[in-house]
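Chain lettering (A, B, C, D, E and F) follows the sequence in which the chains are written, and residue indices restart at 1 in each chain.
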Amino acid sequence: MTTWLPTLKTATPEEGYELAVKMARVAVKMTQPDADMRDKLRPDYAENADSLIAVSHVVATNFATVAAANGYWMD
Amino acid sequence: MTTWLPTLKTATPEEGYELAVKMARVAVKMTQPDADMRDKLRPDYAENADSLIAVSHVVATNFATVAAANGYWMD
Amino acid sequence: MTTWLPTLKTATPEEGYELAVKMARVAVKMTQPDADMRDKLRPDYAENADSLIAVSHVVATNFATVAAANGYWMD
Amino acid sequence: MTTWLPTLKTATPEEGYELAVKMARVAVKMTQPDADMRDKLRPDYAENADSLIAVSHVVATNFATVAAANGYWMD
Amino acid sequence: MTTWLPTLKTATPEEGYELAVKMARVAVKMTQPDADMRDKLRPDYAENADSLIAVSHVVATNFATVAAANGYWMD
Amino acid sequence: MTTWLPTLKTATPEEGYELAVKMARVAVKMTQPDADMRDKLRPDYAENADSLIAVSHVVATNFATVAAANGYWMD
């Protein structure tokens, strides 16, 4: 996991959003490194409305950081 | 999903709020790409007070980012 | 719902707080447009301590944005 | 409730923290205006660890705003 | 409780983190002033993973404020 | 625990993210100092989707602070 986050800069807001999603996933991987266990847990959140909303909140928090890092892509 | 977020700029605060709602939904779609499953889950949150409050929190977090990106529409 | 948020500017912090409450409610309305359903859900959160705390958190998040937009009413 | 928040300025960080607590309570009052109901709900959160932690989170979010409004009381 | 928060300035990031923990606890004390009740509730959160994660979130939110107040200890 | 956070500066975004994870864990340790108890609780969150999402949210909040402290590693 040494090169997954070389920079917070992205070319577009969309790519920034995708980075925010990725960042949300990495914390999960670092806390539960077992890929089989993560796969087993997938239906628990992917088929649960409250879990999906919680995922969206984490992405929103990460996106705030990515957007600030990119000057909101205003240039 | 390549053009859903070309910019964080919006003409008005209202459009910014609508963008924040859209952003909240996209993270859900990226985590649960199956539209049928999402439709099936809809009553779970749309008819649940706590889920609706949680949705509103995600929108608030996204709106903070959109509002900052727009200089709070002060011009 | 085209004119509910013409600006984030308010004359006073109190009005800003009221706007933050309004913003919290609009996301709920946009997610659950059926007014009868929302009325039916009201006791679920208005008579539940954890739900009320969650509402207060959403308002706090929105108020942060409104306060920043108003330069914290320092002038 | 017309004069509860005349300003976000406070003389000290402590007073700012107390204001943050007050702000957290006002959103609850605005959502559940019935004082008897709020009194009835009090044990539900005051004797519940998770509810108390949630209250603390709302206060933290409000305090961030109050602290920023006061320039972190650095002068 | 008149002198618990004389300033947000701390000498080091670590002391700032400790202040953030303290701030998280004060909101709990202000909401539940009865020390015996708080002691009774301690196992409910100290032996519960989700409660501990929630505590960490409150600390993170407070630390953001303390860190900003200290200019991120960059000098 | 006197030297765990000498600075918020990190060489890269990745190291900043790792610091954010560490910060999330320290609040847990400070609240539950008993390592055996923490080990016992590990499956409760490491094998629970909602807990893992909550951990990711705490990391996101801490990372926002670390990223700001590092000027988003833009230099």
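The rule we apply is simple: a residue touches a chain if its C-beta (ideal position, glycine included) is under 8 Å from a C-beta of that chain, and two chains touch if they have at least 3 such contacts.
Keep in mind that this is a model prediction, so the values were computed, not measured.
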Length of the shortest touching-chain route, chain B through to chain D: 2
Angle (degrees, nearest 5) of the CA superposition of chain E onto chain F: 60
Taking each chain's C-alpha mean as its centre, the one farthest from chain E: B
Chain D-chain F separation of Cα centroids, rounded to whole Å: 27
Geometric centre distance via CA averages, chain E-chain B, whole Å: 31
Intercentroid distance (Cα basis), chain E paired with chain D, Å: 15
In chain D, residues with contacts to at least two other chains: 45, 48, 50, 54-55, 57, 61, 64, 68
Topology of the chain contact graph, where touching chains are joined (line, ring, star, complete, other): ring
Chains in cyclic order, anchored at chain E, direction fixed by chain F: E, F, A, B, C, D
Of all residues in chain D, those that touch chain E in their complex: 12-14, 17, 21, 45-50, 52-57, 59-61, 63-64, 67-68, 72-74
Of chain E, residues touching chain D in the complex: 1-9, 23-28, 30-32, 37, 41-42, 44-45, 48, 50-51, 54-55, 57-58, 61-62, 64-65, 68-69
